[in-house]
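Next up: the structures, one after another.
Each of the next two complexes has chain A plus one other chain: chain B in the first, chain C in the second.
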Partner chain A sequence: MPNASDTERPPPSPTRTAAPGPRDVKGTRQALTVARAVKLVAFVAGAVLILSFPNMAPNPYILSAGVVVASYACTATAWNFMGGFTGYISLGHAAFFGLGAYATGLLIRDLSWPPFVAWLGAGAVVVLITIPVGIAALRVRGASFVIVSIAFVLILLLVSQAWKDFTGGSNGLVVPRPFPDLLRPEHHRVFFYLFVALLAVMLLVWWVIDRSRFGAGLKAVREDEDKAQALGVPTRDYKLVAYLVSALFTGLSGGMYALWFGDLDPIFQFSILLGAYMVLMALLGGVRHLYGPLLGALIVGGALEYFKLEYGDTQLHLVATAVLLGVVVLFTPNGIIPAATDLVKRFGPQDSSIREMTAAELLERNENEARRAADE
Partner chain B sequence: MASEPTPAGGPAPLLVLDDVQAGYGRAAMVLRGLTIEVPPGTVVCLVGPNGAGKSTVLKVASGLLKPRSGRVLVDGDDVTGRGPQAMLASGLAHVLQGHSVFREMTVEENVLLGAYTLRDKARVAERVAFVRDLFPIVGERWKQLAGLLSGGQQKQVEFARSLMVDPKVVLLDEPSMGLDPKTTATVFEQVTRMRDAGTAVLLVEQNARRALETADLGCVLDLGRVHISGPAPELLADPQLSELYLGGRPAEPSLPVEG
Partner chain C sequence: MSGSLLFQSLVLGVLLGGLYALLAAGLTLYFGVMRVVMIAHSAFLILAAYLAWWFNERTGLDPLLSLVVTVPLFFLVGVGMQRLLITRLRPATLTMMSVLLTFAIALFIEGMIGFVWSGTQRRVQLPYSGSNIEFFGANIAVVKLVAFVLAAASLGALYVLLKKSRFGQALRATIQHREAAQLVGIRTDRVAALGFGLGLATAAVGGTALALDATIYPSLHWHWVGPLMAIIVVGGLGSIPGTAIAAMVLGIGQSLLQVELGTTWAQTLFYVALFATLMLRPQGFFGGRLAQRF
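Then we have the complex of A and B:
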């Protein structure tokens, strides 16, 4: 019996289906090679630009701003080990930054450890503290996790302010300089390279995880935790490991900051604002991409330093940050890197049609239809 | 139509839920002493009203929910109380309700995640070839984002993913949810193909009449117990059951099922 779907029957002459012909395959391969070359050139250019920054900086102030931006890049990339892989948004990552900073300072002051040994020791302290915190915090998801992460940083802020004998309270904690003989500009230069080296290690670890079985499991958690669990991904353990790696690197960034800046104040170390910057930078660049948080840190960190330089003590940089956050969420919710990739794709070669059925399927369906009609 | 029902005293069942009681939190029991068997090479269908505990049965079987009492046996081994990974390892794969592909991942990534518990690469490649052969659409859309596929195609990706571990029993929770009647027919065809390829199926369906037409055995659940069970055609033919659980008698003979 003829029915409406017959109108969809393709012409009887054999037509080419959407399967890629040999030419398309060649084209795709060429495009891939080009993409790889572009990536390599961009990587080398980016690395050269970053490494030559201290020589290009016109004055020590700009150089110190560069160190701040590098430390932002470290924290945002460290945050992304959790936020990017698992989709758990922590607004309280400043807790680990502050813990790393204070642990470094206190290990030097109270135990007289050499500065960089204290720095590594601080990393271990952060991991030890994060294990129970992570086990507790990761029992909840979504908005609840965000709240728990904020609560953690607020608790640490109050403790570090109140425990004056140990942390120095609001008077601050002075961290002895690791290189007492260096002049200020030289000091900035050394720390710029130290931050960049730390960042390079993080990017490498991120890259390795991204290609690993562990990474595949984490990404499944990001997409849907229940499904991931049903497929046999040990979601709880994986989340905890990602959280620890993220906390460790954030703590190491904090410790490095302590060694560089030399003066710690609870209000700036355990700061909600710092945690929010990490999220903003990672979101801006693109949390699913290796360089996303770095790109975001260059933009947000650069803008913050610029506003502070130009407008001094006003709070204009905060307003600008808020506007930026709004723009990101409205126009590029997945970040700049995916948005730019889409834009390039739009001008580049188009993918094959996204029609749900190929001509061959349609033909098969209509034939089934005819057979069924004949049976009746 | 489906094969004959397994005669009593046939091959030992692959999956047994024996006198299982289970519930969520402190709320009342959902399953109150439920016993179900899935013999090899069969599609067993659970039907029953909302809240009867159909999905809960699957959750207990796949380890997402621990039973409070009773036993779960796979191929004679007691696996009661094990977690999802262990259940998967012992041969039970769960396809969750609704659209459960990872939408932002490619079909390939989805299917490979199904083999997450397999470490042998050659074995994974073997299974990939197997599921691509069983579900051609999966091979055709291999590099596409799963979220861009139609509902019926996504279901096939989910089936393929669940078969990657070569499970003894696949637990299907409402595979026809949100699909049009024609696509539903295709999905049930795929269910019989899975059975014919050697995997027993425990199926939960709202679309009760359609599912019983596909299944070999049926169980009617009510208030957390098996109200009645038997060969699916007999359940379909029972006028009282039709009235109570299948939404009245069919007004006309139902469509033949292909496959």
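Then we have the complex of A and C:
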């Protein structure tokens, strides 16, 4: 391993070029295949578990809780397109959720579009509204961006409450059910699968972006925006596209929620709390990981639903959310997936890419190598 | 709009702007010393209002007297928060994570208020609640005037403290350039903790002033977060005079618009100002170059 402190570099000897011996290569390769197999098994098991959930749910209540958790997983994953790739934390993604929900409802009510056409239309509406907002919000970074994102939710809350003729105000907006013939449990089941399908599309898009040049640019923004800009990454356009993708998927989740739940109220759609849940779920799972938000949503969403069932609608769920968010921010800001992998790594073989050598050991090794080279 | 009505809402706007200015000064202090955007500021504001209401309910004394307890208490809480929570965050992601952390604190306070005092709307009843003062033809509620005097006096005291005292000098030095302040021997971590405490003390004063003439409920703080955040962005993050001017202008603007449009639509002024500022001058109208980076 060449080092700046090397005073003279020994010529590469044949023993050194073949540094990782054949046995080592075989070992790593085996470890890789094992890891890949474990991943595949975990993926299949997870997918089977999720898809068979509606059949395992003992009663319609649990099934509806499952639909809620699935919608949380969708929103958290959608949030992660912005939060995870660019590191811009938005507390206001509930705005897009509410916009998607209201746009779906209003397109059905006022223009009598078929439900799922209205749902796609709502996605387009969300993107159109987000373009100017994104251009304004992305002119600033960090804290100002968060402020703007919160402000956007608060504006929409105000407007949707005040503009009674259009949104129904606090009386709510009733969205007609897309499948009027289905019984409640069947309805839940269908929507559970619809949410899971939406989630699958999102995960696929995330996976593709993660491997693309575009994704690399976004990650560069996350790590150091000034350097990324200096290297020629079109940071503004990239951030805007990521913001739009994130908003689109959040809006689609909201629209799906509107079709499922059927009754919209400004306080619950444009709720800062909902935005906070998305952040909490994504952070808890790990924003840099494909399944991080999904895992976070399963934990947080499950806990929330359990909490509601046990303690009813008291103010305590606010306290619990607050404490959990505080703990995550203070102790595992990278999420539990990296924390768990670190833990596993500590018991597994040492990671060879990280040099765990003191300067004295390094010096000794360099001297030995130089001596050996001189001997030859 | 008739002349007297215009004058009336102008005066009311100034009174409101004074309160905004005090609270925004607190937010600016946090941002100045720690680069922290304190979402929980308005939650503490509502907490102070609740404490004032509770004090009045229990003792029957004037809620203003609760300041004797709440101001030192909030100061200590602020120092403790900076020492125990904010400094634990990693410097690289401090600004973002502090937003989330203080957001969590805000939720916690909201939840606890709702849990302890229930979600019922509360209002302090005072012997002078209903009385008005005639001021050049404008009718001004005494409670609003008291609130303004309180806010203006605290803002004045804060100004004197920052400009004249040795501590104030150290604090301003810390805000301007932390490393340089350390080089000349200022213990910036201690100054930052005290600055945080001072900021939270403004929330105690503001909350007590608010309790005098507002109906309070646990989730009220969201109505304050937006305007206050808009004020500090419009004024420029980190500039106390900038935020004071922005607070006055927007407070008066809100008060004038209220007559024509009603309270709900008048609130949107703050957000319109926020987005206009971002489009025209993202660093705020009085902010330095550092504002845009955070």
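Basically, the second predicted complex is superposed on the first by the 331 of 376 C-alpha atoms of A that agree within 3 Å, B and C clash if a C-alpha of one lies under 4 Å from a C-alpha of the other, contacts with A are read in each partner's own complex, and residues count from 1 in each chain.
Note that in this section a contact is a pair of C-beta atoms (placed from the backbone, for glycine too) under 8 Å apart; a residue touches a chain by one contact, two chains touch by 3 or more.
In this text, all values refer to a predicted model and were calculated from it rather than measured experimentally.
*Asks:* Give one of first, second, both or neither to describe whether A:V159 is in contact with chain B, with chain C, with both, or with none.
*Replies:* Only chain C is touched by A:V159; chain B is not.
*Asks:* Tell me which partner A:K345 touches in the superposition: chain B (first), chain C (second), both or neither.
*Replies:* In the superposed model, A:K345 contacts neither chain B nor chain C.
*Asks:* Between chain B (first) and chain C (second), which, if any, makes contact with A:S144: first, second, both or neither?
*Replies:* Second partner only.
*Asks:* Look at A:L325 in the shared chain and tell me whether it touches chain B only, chain C only, both, or neither; answer first, second, both or neither.
*Replies:* second
*Asks:* Of the partners chain B and chain C, which touch A:R211 in the superposed model: first, second, both, neither?
*Replies:* In the superposition, A:R211 touches no partner, neither chain B nor chain C.
*Asks:* Per the contact definition in the header, classify A:R184: touching chain B only (first), chain C only (second), both, or neither.
*Replies:* neither
*Asks:* On the superposed three-chain arrangement, identify whether chain B or chain C touches more chain A residues.
*Replies:* C
*Asks:* Which parts of chain A are touched by chain B and by chain C alike?
*Replies:* In chain A, no position sits in both the chain B and chain C interfaces.
*Asks:* Which residues of chain A touch chain C once you look at their complex with the stated criterion?
*Replies:* Touching chain C from chain A are residues 87, 89, 91, 133, 136-137, 139-144, 146-148, 150-152, 154-155, 158-159, 161-162, 272-273, 276, 279, 283, 314-319, 321-323, 325-326, 329-330, 333.
*Asks:* Sort out for me which residues of chain A touch chain B in the complex.
*Replies:* Touch list, chain A to chain B: 213, 216-217, 219-220, 223-224, 226-234, 354, 356-358, 361, 368, 372, 375.
*Asks:* List the residues on chain B that touch chain A in their complex, please.
*Replies:* For chain B paired with chain A, touching residues are 62, 64, 84-85, 88-89, 94, 96, 100, 102-105, 109, 112-114, 116-117, 137, 140, 148-150, 153, 161, 165, 256, 258.
*Asks:* Spell out the part of chain C that touches chain A in their complex, as residue ranges.
*Replies:* For this pair, the touching residues of chain C are 31, 35, 37, 39, 85, 88-90, 93, 95-97, 99-101, 103-108, 110-115, 119, 218, 222, 225-226, 229-230, 232-233, 237, 262, 264-265, 267-268, 270-271, 274-275, 278-279, 282, 291-294.
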